[in-house]
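Consider the two complexes below, in which subunit A is the common component and subunit B and subunit C are the respective partners.
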Partner chain A sequence: MTTRLEPGAAPASQPAPGRDPDVVLDVRDLRTYFHVMDGTVKAVDGVDFQIKRGGRLALVGESGCGKSVTALSIMRLIDQPPGEIASGEVWFDGRDLLSLSDREMRDVRGGEIAMIFQEPMTSLNPVLTVGDQIMEAVKLHQDVGGKEARDLATAALRDVGVPAPERRIAQYPHELSGGMRQRVMIAMALSCRPKLLIADEPTTALDVTIQRQILELIKVVQERTGTALLLITHDLGVVAETVDDVVVMYAGRIMETGTVEEVILEPRHPYSRGLLASIPSRGRRGQPLHVIRGVVPNPFRMPEGCKFEPRCPYAWDQCKVEEPELYDLGGGRSSRCWLYDARFRERLRRFEAEGSEFVPPEVLTELTA
Partner chain B sequence: MAERVIRAGVELTPAEVEELELERPDYEVQLESLNQWQLAWRRFKRHRLAVIGSVIFLSIVAVGILGPVLLYYDFRVIPHANEIVYAGRAPSWVSGSWDPPLLMGETARLQRDVFTLVVNGARLSLAIGVGATVISVILGALVGGFAGYFGGAVDWVLMRIVDSLLSLPLLFVILVAAQFLGSGSWFSLMLIFGFLGWLGLSRLVRSLFLSLREEDFVDAARAVGVSDFRIIVRHILPNTLSPIIVAATLSVAGVIIGEAFVSFVGFGVDLNQPTWGNILTNSLDFIQQGNWWWAFFPGFAIVLTVLSINFMGDGLRDALDPRSRI
Partner chain C sequence: MSAVEEERAPGPASPAEAPATRPAPSADQTLVRIEGLKTYYPIRAGLLRRVVGNVRAVDGVDFEIRRGEVFGLVGESGCGKTTLGRTLLRLERATEGRAWYGERDIFAQHGRDLKILRRKMQVIFQDPVGSLNPRMPVSDIIGEGLLAQADEKNGWGTRRIRDKRVGEYLEIVGLRRDYARRYPHEFSGGQRQRIGIARALALDPEFVFADEPVSALDVSIQSQVLNLLIELRERFDLTYLFVAHNLSVIQYLSDRVGVMYLGKLVELAPVEALYQQPRHPYTVALLSAVPEPDPRARKPRVVLRGDVPSPANPPSGCRFHTRCWLREQLNRPIECETIDPEFREIAGGHRVACHFADRVDPQSVAKAAAIAPRVATAEAAS
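Moving on to the complex of A and B:
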């Protein structure tokens, strides 16, 4: 039932990159390296995923696992040097972004792919008014005059639920709260009706009540405009209520993929299971918080075998020797774990027997709500 | 049966749902909303010396602009030889003779009124100071901005150029340039000071850019598709304006003194275009004859201007510092 992918061979079910009209973003074997004084950091090391038109996908993982670098590579916002997109293809709407000229890429940025950053407090320019910044985005990508750009900016602010947008437009960022600024960022991102919205931890810097509002907002606007969403987060709670598909990353690699229900209800990688178990839950009140022991490996001293092996409670000798491939488990699911090699069926049975007791009930209610 | 609504694992009553759905009120307290310039102006006004300095400086500028209206004599008119009766007369309020009125006394050879010269000198000295500063600010901001923003090889090349220019003895370069390019015109002197005065400023701007380019809003601007040039000029440069304004203010004072020096040693502007520097130069020979007014008033004008500019720069430095909260 599990098939082992031939290294380098594209799965037969996938058409040639960029050809499927239903797929807006098709990332193939993306590798982004940073050449620094101590050596080369392989921040993203062979990542593949696809997002359908209007679809929602989350990249999940701990800090430093390559989520943000993946997003910045798609946008080609990696500083080169020290960064280098060593290989790969980023097919967006029929074009490979990595082969575009700088000029063409500028038109894509903001116009067709928009991005929201983690820190709304620092992502807006303190010396320009909110209106100036939205209008700049509008004018860069649409052929409109000053008056029209102003109207569009006002409308964009109204769309994201900013009260009194006519007044807000003349204000400076420091006059707005964190939630309002993130709304402004979303307004700016969506003002040009992009086909893809990349949200890099859009709620991490906000307090919990505002987080919910902003997530709801992103979802509502995304659905209304038919924009595809690439959400980057370390918070599986956020994932559960926002996206359709999940890609779990660790140390620059994809560890597991699947729909959000599948990955959360039945994680097929010890790392995903560990992440889920680490979500604090009311149901486990009084018990010590579950953690994944250890830390992300030093990028200069990556483990020989599976990158998660030193921290994995299920690891055995095999994991130390050789790195597993991303096993295609059928139905869009895949896992980079030796458990899914045909040779280790017995271990897999034990792994699965432990079941989904780790999933916190709050996340389950989100899923079923 | 009503639909069950669950948020954060809690089932909500219909009333609570309705509350959630209501448009979020604007919770922000409506304070008197001031932008950074209004805040800076407020802080500047509390800096007494700076206010005095700017009043004096603006008066000097006004005098320079309104010069011809204020002047009793035209400094260009050289009187006929037989009209020279009392060349080198003291100011009227010293000598007591008000015919003709001589506010600051008279020069010797050409029977020029010192007041006329000082007022006309204000014009050119300020024009040289401000003009040279404008040139050096533009050059310094562009060179520093590009070096700091792009870093790497661009930065290395530009900064090595700056280093090598800074290692030249600038004063002599200015003297030589004034001699060969200047030919006594105030305009070329202004250009010389402008094109040689941006070096320090470019280092300042570069260091500001080095830290500002790491700011999130720069990435955000790039993600919107803004070009590098536009990010430098429209997004980062306005953030560096405060220190640039302070440096520029002080540079005006520096150039005025520099011009005075160059003119004083005889490489500057000729007396047909009076600047405070060359008025001083020409007074030299006659100081021993007791014509103190000839040297005193232009010298005093320089001191007053430079002092008022420095006070103003001090006040601006405090007012434009975003960390100061007065």
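Moving on to the complex of A and C:
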């Protein structure tokens, strides 16, 4: 595989995995399969990406693209069986997490790497108070006594904007609203000063005004604590406002990478282009919305060539025969599309000329002026 | 599992007769009129299950839906938008107030008249999994309504006629006729939603309540279903009450939009006016909260404090006053806490329930955005 994210780096000059001190997470050729009755589902099939210390990266894609399984594989939270991490390396702070013992991994989880989930109610224990749960996390990973743990828990709640934390600490999860529970999750995640925070659809279950509060909170605490952020989401709006770099996934693969602005303003893969054009705010009222035809491929009957080929408006014979590699386009950008093969320059020229005709949304134009 | 892969793209839509270019229906073409509608759910407690209070899901709503329009209803979860739609369709019992469908008093219909009304007013549900019976083949899912509405004239009581109609409507929503034999689990989410649409349309309705029909779908599938809904409205001359929390879907689809907060309408306006010149502080905050993919289209952010209060015990006066940024800017005028603002017309067809709607302008919004705390606290009064 020639899939790399470093701009223009030749394989030889590339630092050995886990050796670059500026990189906190370095995922190499990760493959996670699920062996089920009907066969094997290759949920993640060769994924590489890196996050710099304090950096912010999003894995974005539709349901079933493998973004959540990637995150769970990093945390080694895949049930084996039926799951299997078939190959790959996950370098975190100089160690390959996939080679750690279960005991060592338990120290990493919740300590150096913390995770917040979509549904805060199911991730909190309903029979323990909020304070007990944060204190449990603190005591597990730091050598502190009861009193000190309580102070740390109170401070953690205060940091995430929970009013009257001394009182809240004695409450049970069901006494809190959805937004408040997500704040508690964030407080718990950050209480051990992790080097990496993985947020899996952290605002999907929340209403839009509460989502706004939580997104602002994640950004603020991320900047303040300098923890790196791996955001998993399907919402390109959330991506655009929260992270710097984005990895677009489809059918267990990386389709495109780049900075947020690059990918959103100038997508280099037909899938990303289609996804962006399907957002209703891009549509002109009264005209049909852009559509990506068809549906996500059946995991047991994946197309032979490019996995997006059956739905791709630009596909031709080549795409049916062989799957393209992730082409390094320089400057941190890459795209898994045959258009970037030197043999197909003329097609690429047409693709680029067509461009993503960008319609700025009408929303609040007057207020911005 | 056999996910069906072929999905016929919806037939060529007719951009020429697009919603934006259609003449706006005039006011006398009212199809549905709602006056003072309230839907409460009793809270029971204690040994005798006595009623100790009410969840005021819908708490005094007045508006009308015009024939042929898409009326979009937005608001956050628990604001009462779904209950409002369900009450109109007599799926919930109204506590107070009246509603007319044309000349008919919706809540006063019985027997045969009610049955006719039920055929004319159909619903598309949010959850494409939960709303289809997993034990029924598609032919029965769509055919059940036909059977219930069968009479001598339409002949829907006959299996053959019914199956033919099911086949026709499957094709209309972009599925294959022979899918009628399959069961819901054999379909993807987008296809299931198409089945739900076919079920509603097979009864020849005039009015369709679409309750978050695309919120459970992925972006690429969502646009397929939205296009289908638009195409069908043109083709069958439908009127939609379209409920969603996704503001960009509402903007794309609606002719007029109502914004709900804690059981009440706070603003109602033609879509352009609402999105470009919102006049209720809540609408401003709601619109500015939507994450925007385009870095060049960022808007000033008004971050609201706190959560939506409980509809069992709504705040006094204006229900939004506990979270209102404008009230803060105006140094907390007393009427916000004491007087429930009237839902008044401030411009042609633009209604708003705010004492100080005239103070909502680009300056006040910019000011609110500038002082918005970056970590808004989780409670309003802190």
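Brief remarks follow.
Here, the second predicted complex is superposed on the first by the 337 of 369 C-alpha atoms of A that agree within 3 Å, B and C clash if a C-alpha of one lies under 4 Å from a C-alpha of the other, contacts with A are read in each partner's own complex, and residues count from 1 in each chain.
As a convention for this text, a residue touches a chain if its C-beta (ideal position, glycine included) is under 8 Å from a C-beta of that chain, and two chains touch if they have at least 3 such contacts.
Computed from a predicted structure; not experimentally measured.
In the superposed model, A:V295 makes contact with subunit C only, not with subunit B. With both complexes placed on chain A, subunit A has more residues touched by C than by the other of subunit B and subunit C.
In the superposition on chain A, A:R212 makes contact with both subunit B and subunit C. Of the two partner chains placed by superposition, subunit B and subunit C are both touched by A:G161. Looking at the shared chain after the overlay, A:M185 reaches subunit B, while subunit C stays out of its contact range.
By the touch criterion stated above, A:S177 is placed in contact with subunit B and with subunit C alike. In the superposition on chain A, contact is made by A:E261 with subunit C only, not with subunit B. In the superposition on chain A, A:A353 makes contact with neither subunit B nor subunit C.
Shared contact residues of subunit A, touching subunit B in one structure and subunit C in the other: 161, 163-164, 177, 180, 212-213, 361-362, 365-366, 369. On the subunit A side of its complex with subunit B, the touching residues are 75, 77, 81, 106-111, 114-115, 117-119, 122-128, 136-137, 140-141, 161, 163-164, 171-172, 175-177, 180, 185, 188, 212-213, 282, 361-362, 365-366, 369.
Against subunit A, the residues of subunit B that register as touching in their complex are 4-9, 23-28, 33, 35-36, 152, 215-217, 219-227, 234-235, 238-239, 241. Contact residues on subunit A toward subunit C in their complex (touch as defined above): 38, 62-63, 160-164, 177, 179-180, 183, 207-213, 215-217, 219-221, 234-241, 260-261, 264-265, 274-276, 278-281, 283-298, 300, 310-311, 358, 360-369. Contact residues on subunit C toward subunit A in their complex (touch as defined above): 1-3, 5-7, 9, 13, 15, 18-21, 76-77, 188, 190-191, 218-224, 226-227, 230-231, 245-249, 251-253, 271-272, 275-278, 284-301, 303-304, 307-308, 362, 365-366, 374-379, 382.
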